[in-house]
Every structure is written in C-alpha cells, then in structure tokens.
C-alpha cells in the first residue's frame, strides 16, 4: 500500500455548528487525478480544506505518506492549493505572485528566477512577469494561480473548483491544459467540482459525494455506466429514473412491461429504481416498441435531438440522431444492458 | 446630461460656504485691520514657530500610537464574523454619543492629582503622580479621541483582503508572521495612509485637549488660533494667517503622503 | 477568536469606555466635585427644571436633526449628480467635498466665523437684521455634514447596475420617477448611514459650533465648554448618560433583530439547499 499518498480515516467535520462530514474514509494514490464531485453543501470543499490544513477535523486522522499530519499548519504541508477565485496577491505582479512560495523558503534569487520562468512556460504565460494581476484575463489569472502553487513542487495539488469562474470555451481548454500539466509533472491532483462533465473528462477516479458521505468511487466509465443509486445516476449525466419491481433475477417490470435485464441478487418482488440513459433507447415503429407513446417535444442539441415522449404514464427523454414529428406515435426498445437496476434509496436519503 | 443638474444646489452651497470662507481666511491673512495689503501677519506667525513644532511633535507621537494600537484592532475586526465585526464597529463609534468635551473631562477625573489613578496608587502609599497637565496627558487625550479615525479606514481596507488570500499565503509556506508582513501589511498601506492623515490633522489643530489635559503650559497651535478669534488677544488677521500656515502644512503633508492622488479615497474615509 | 485576541480587544474597549464609565458614575455622585462621595439620583431630578441644560439639549437636537435632514437631501442629490460627472469636473467637485472633512476643524470653524462676521456687517449696513444663532449654527452643520452623506451614497451608486436607470426609463418612468421608484431603493442603505453619520457628527461637534454659536442658543457642547473652565455640573453627566442610554438601547435592539434575521436567512438557505439536492 506504499503508493497511497493521502489517507483520511474516520474524518468528521463541522461548519457553522453543523456536521458537514460524517466519518469519511478515503485513500488517494500517488500520481492520481481524483475528483470530488457533488452538489453544493456536500462536503467536498471541506474535505479538500482538511487535506490542505485549513480546517481541523473534529474527529479522525489525516495521513500523508503514512505519517499523521493532524494539526500541522498549511505552510508545513507538502501540498498546495489552487483557490476557487484564484486568491492572487493584488499588491504583487505576476512574477511576485509565482515567486512567493520560494521566497518563503529562502530559495536563492537566481534559482527563483529560473524556476519562475520554467513555470511561466509550463502554463503558457511567458513574458508576463511584470504584469499586474488585475490586468490579466480570468484564464490568465487562473494560470498564474496554478503556476504559483506548482512552483513549490508539491506532491499533491488541491484544486477547489478552479474553473468555475471561466466561460465555457475557456473552461474546456483549461480542462485539457490541467490534464496535460498533471501528466507532465506526474503529481497527484485532487480536484473539487460540481460539474459532472468536468469530472468525467479529467479524472482517473471520481468520488461522488452527498451530505458529507462518499456515495460511489470509481473510474469515470464505471460511475457513468454503473451508478450505484438513482442520485448518482441523476447527478452524472441525464437519465430516466422510474419505479420498478424486480420479479426475479434477470427480470424486471416497469411502466407495466416486463424486461430482461443483467441484474440479479435483489429480493423477490423488491421495489427498485430503474435508470435508463436517454441515448440507450432505440426508436422503432409503434408496433415494434416495448414502450409506446406520443412525441411531445423535440429539440435540436447540436449532435443529437432530444425527444420527450409521453407514454405509459411517464415522460421519457430520448437522445437520438434521428428526428421525429411532434405528435407522432413512436415505439422504444431496450436491450438488457441498457437497464440499470438500483436499490431504492431510504426515505431519509431522498 | 440632465442628471448632473442634481448636484447644482450642492455646488452653489459649497461655493458659498466652503470656498468663500476659505477665501476669506486668505484675504484676512494678507490684510491689516483697515483692509490694506500686508505681509505683517504672515511674518508674525514666525513667532509661533516653537508652538508649531510642539503641535507637530505631539501629533506625530499620538498618530504613531494610534497606528500601533489601532492596527491590531482593525485586523481582528476584519477577521471576525460579520456580525461580531459590525458589533465591534458600533462599539467603537458609540462613545461619540457621549460628548467629546465630556469624554475629555472624564479623563481629567481619571488623571488628576486626586483622580482615580492616583487614588488607586494612594492605596499603596504611592504618589500622587503628576499625570494631568503634562504632554503625556495631551497625547492620551489625542489618542483616545482620534483612534476611531485610524481604525475605520484600516478596517475598511482590511475587509477587502479575502480570507482566501491569507490562506493562499499560508498554503505557499508563509508563517503567520510573514503572512502579516508580506501580505496583510502591504495590502493595507492605503488604509494606513488615510488613517495617519485622519488622526494627524485633528491632533495637530486641536485646542480643547491641550487646554483641558495639558494645563496652561502646553499651548498648541489651535489654542493660539482660538485666542485670536474668541480670546483676549482678538486679532482675526493674525489668526487667519496662522490658520493659513496650518492649512498649508496639512496640505504639504497630504501631498507628500500621496493622499490626494488616491483614486478611491471616498471608500476609505468612511 | 483566540484568547489573546479577545484579551487585546477587551483591554482596548476598556480604554475606550473608561471615561464613559467614569462620567456615568459621576452622574450619580452626591457632591459636585470630581471626587466620588456617594450615590444620589438628584441630578436626574434637577435636570428637568434646569432651563439652561434643557435648552442646550433642545438646541443640539434641533440643529442635528435639521442639519442632517437638509444635508441628506442635498447630499443624495449631489451624489447622483457627481456620479454622472467625469474627468476634471468630477475630481474638482470631489476635492471640494473632501475639504471640510480633511481640513482641520478649527479652520472650518474660523472660516465660518469670518464669513458670518462679514455677512453680518454687510447685511446690518443695509438694514437687514442678522445675528449669530440658529441660522449660523444650522448652515455650518449642514456644510460639514453634506460630505459624509455624499461619501456614503456615492459607493452605493457605483455598485448599482448602471442599466437600472435606463430600464426604469425604458419602462416609462421620467427621471424623477426612475429615482423615486427604483434608484432610491438601491441606495437606501447609503442614504440611511449617511444620515446617521451626519446626526452623530452634529451632536458630537464642538469646534464648529463654538465659532458659529450666538449668545442666545448654545449647543450642549458649548455649554459644557463654558463649564469646564470651572466645574461641570453633574446634571450634564446625567443628561449625557440619558442620551447615551437611549442610543445604546436603539443599537442593541437593531443588533438583536439583525442577529435574528441572520439566523432566519441561514435556516432558509439550508432548507433551499436540501430541496435542490432532494430533487
């Protein structure tokens, strides 16, 4: 287990007198790009701040390379943070901001200069040394913030929704850029976001969080294809979630129709959530359809059409490259792979 | 365009009651009682050179003490929760509702020879110490009365230093002490500048504090001016000339400190 | 907050409130001197039959309220006008606005005195009676109050969405309606705090009042100043304690209701968040 760089054991934390993290356990491996994904208030930022040393957990231990670091102040941790709104020092120029960490460590001036220019190159900001930070665009400020953290050669870089303030196009660019930087340097990135697409694009591993708990951990593919419950399914991408009954292993009934599926091990006649991704439906003629209904609306989304169909008492969302007329009757079919069965969440979790 | 007119009543008022009165000071400075031009008043101001020096010296000390005491107060207020910060701000403003003269009178009660402090020392057979009618008492009075004007601009500048900035500094390896010297201090410089002016100017021109706490021997420039207008030495021409010199002095200090070039001064004054 | 921080603030506040405490204590002092000889409430009782003190209090409050009100109206209008100015015009108007704030108070007071003396001579020579009194006091107070109103309204105007005015006029308001129906609500906090600041500075003012007051109506400060030459009557302590108490009470009430509001907002936010999540 020597490749585990950060380990959180039984961590609880409070914010404003409220418990925001409850007995959380987590291992982060070296060189990994891990993303905490969840809605606001799920405890993802708090977890990040515990690793950074800005918050002390009320319970539990934090380990860094096997060593307990509870109570160690941020400036003694081999971890650096890229803050949500950059937190650049307005009284310093770009050079001063990036050099700040090395100056604290009393690194010789010459070395600071070479390392700063190397960093500026890494983040594509050569020649910006003497710019005031308020004269930079949002994307450039973001790059300075990243360079400022990375120059200290941390083993782990913490990123707290670093792209939240950028526009869509820039955000996409920076996603690729961050991934490239992480691969170039080969260090661990711990990334916090509420944007599922961002999480799926960049991460080696995604942790979906909700109310201070980790609901599911896995590779982006696993999480997308095999969400553990309806919340994860709904949060990661769009999905149709309907009530179903597990008749027996490999046989489920929903929308009044029986379907073969690939899941087993549920109780007989157990109430379940059935999740179907909109792109998994196959549109066929009414006669052939397992589910039938009337097209209620159709919207062009660039690559595909989004069709809402009304049938069997539900509104179904379908993504397809083919168009249909509004008001037309259509049928839908599913293969067993397309049907994801999940235990119902307990009442208090909803 | 039409909306600028909203300011016209104020402009007329300011011309009549700000510009003209100051013009009158200049006019009186350079005329004698009969209204003819003279440098006599300005030259006579030179006699009070030592009083000017003393006023400036005591004000410099008071301003430095205000900065020293007020800086940590402003910093702690800016880091407190918003409701605690607001409460502290109110607590600092609240004494203003007890009259300024009365507060200074309160200090007389505390500092005088049979005052509270000396009574306390008397319990141990010590004293009485000569506290009142000293330069030290004048400095206490200045610090006490004007320290809010140091804290307020410092506080409003420090409020703008986000906690994430301080966290970033700590994250990058700065110890708590270095966070203060390398981030908080340079970022609060504009507030320091405003605070210094806001304390120095009333200190250097006070006449009440020196009269009440300094006794007769600690006359400051404000006392001299007051004497020329409402005192026995009635001579508004000389009084205007001294005021004019004092105004120049204040302007000089402000322009040296760069105070007047500040773009968003208005946000720091309040 | 850490212990040392609390201690530091505690010591500082003690320094700030030491004379206040002494003044309140001496409003209950049995004798007139500056040594405490025993508790009494008699100064509070005598206060209400002392015409000089009551008149001074009345003058102080009337001057403060009238001056602050006029200053608030004129200052708010001025701020709107200034906000629409640019370049040199704006900066020269702003310099004039700073003057009464950064100019030494005694110079402001003296310059008013000169102005009113000159005005008196001119007016009296043409047969118009004019004396130092209500008018000189109020004019002087308005003048040093206006800058505070302007400086607290201006930032609110700048923070305001610039299209609000356009939107209001686009929807059929004229300038005045746009102001009274839209703008004023946006800048209200600035107006209120400007007004409160003006009243506070007015009540506390001594220097400017001293140079502009007439023989008849004195403000509390000027009355106290006359007394400090000899001995300040405990009645003054008593009336100041009353004023201080009223202000303190008002602030405490405001503070408590703010705390309550904050709690409510917190709760509402929590519920809203859970709703979003439970979707």
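We just call them A, B and C in the order they show up, numbering each chain from 1.
Note that a residue touches a chain if its C-beta (ideal position, glycine included) is under 8 Å from a C-beta of that chain, and two chains touch if they have at least 3 such contacts.
Note that this is a predicted model, so its numbers are computed, not measured.
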{"item": "From chain B, the most remote chain by mean C-alpha position", "value": "A"}
{"item": "Contact-richer chain pair (by C-beta pairs counted) among A-B and B-C", "value": "B-C"}
{"item": "Inter-chain centre distance, chain A versus chain C - centres from mean C-alpha coordinates, in Å", "value": "53"}
{"item": "Rounded Å distance between chain A and chain B, as computed from the means of their C-alpha atoms", "value": "55"}
{"item": "CA centroid of chain B to CA centroid of chain C, Å", "value": "18"}
{"item": "For chain B, residues contacting two or more additional chains", "value": "none"}
{"item": "Contacting residues of chain B [partner chain C, same complex]", "value": "2-11, 13-14, 17-22, 24-25, 28, 69, 72-73, 76, 80, 83-84, 86-88, 90-110, 112, 114-116, 144, 147, 197-198, 201-202, 204-208, 212, 222, 225-226, 229-230, 236, 239-240, 243, 246-247, 250, 254, 260, 265-267, 269-270"}
{"item": "Residues of chain A touching chain B in the complex", "value": "52, 54, 73-75, 79-81, 83-85, 87-91, 100-101, 103-105, 148-149, 152"}
{"item": "Of chain B, residues touching chain A in the complex", "value": "162, 164-165, 167-175, 178, 182-183, 186-187, 189"}
{"item": "Chain B-touching residues of chain C, taken from the complex the two chains share", "value": "1, 5, 8-9, 12-13, 15-20, 22-23, 26, 34-35, 74-75, 77-82, 84-85, 93-108, 110-115, 117-118, 139-140, 142-143, 146, 148, 150-152, 154-155, 175, 197, 200-201, 203-207, 210-211, 220-221, 224-225, 228, 232, 236-237, 240, 243-244, 247-248, 251, 255, 258-259, 262"}
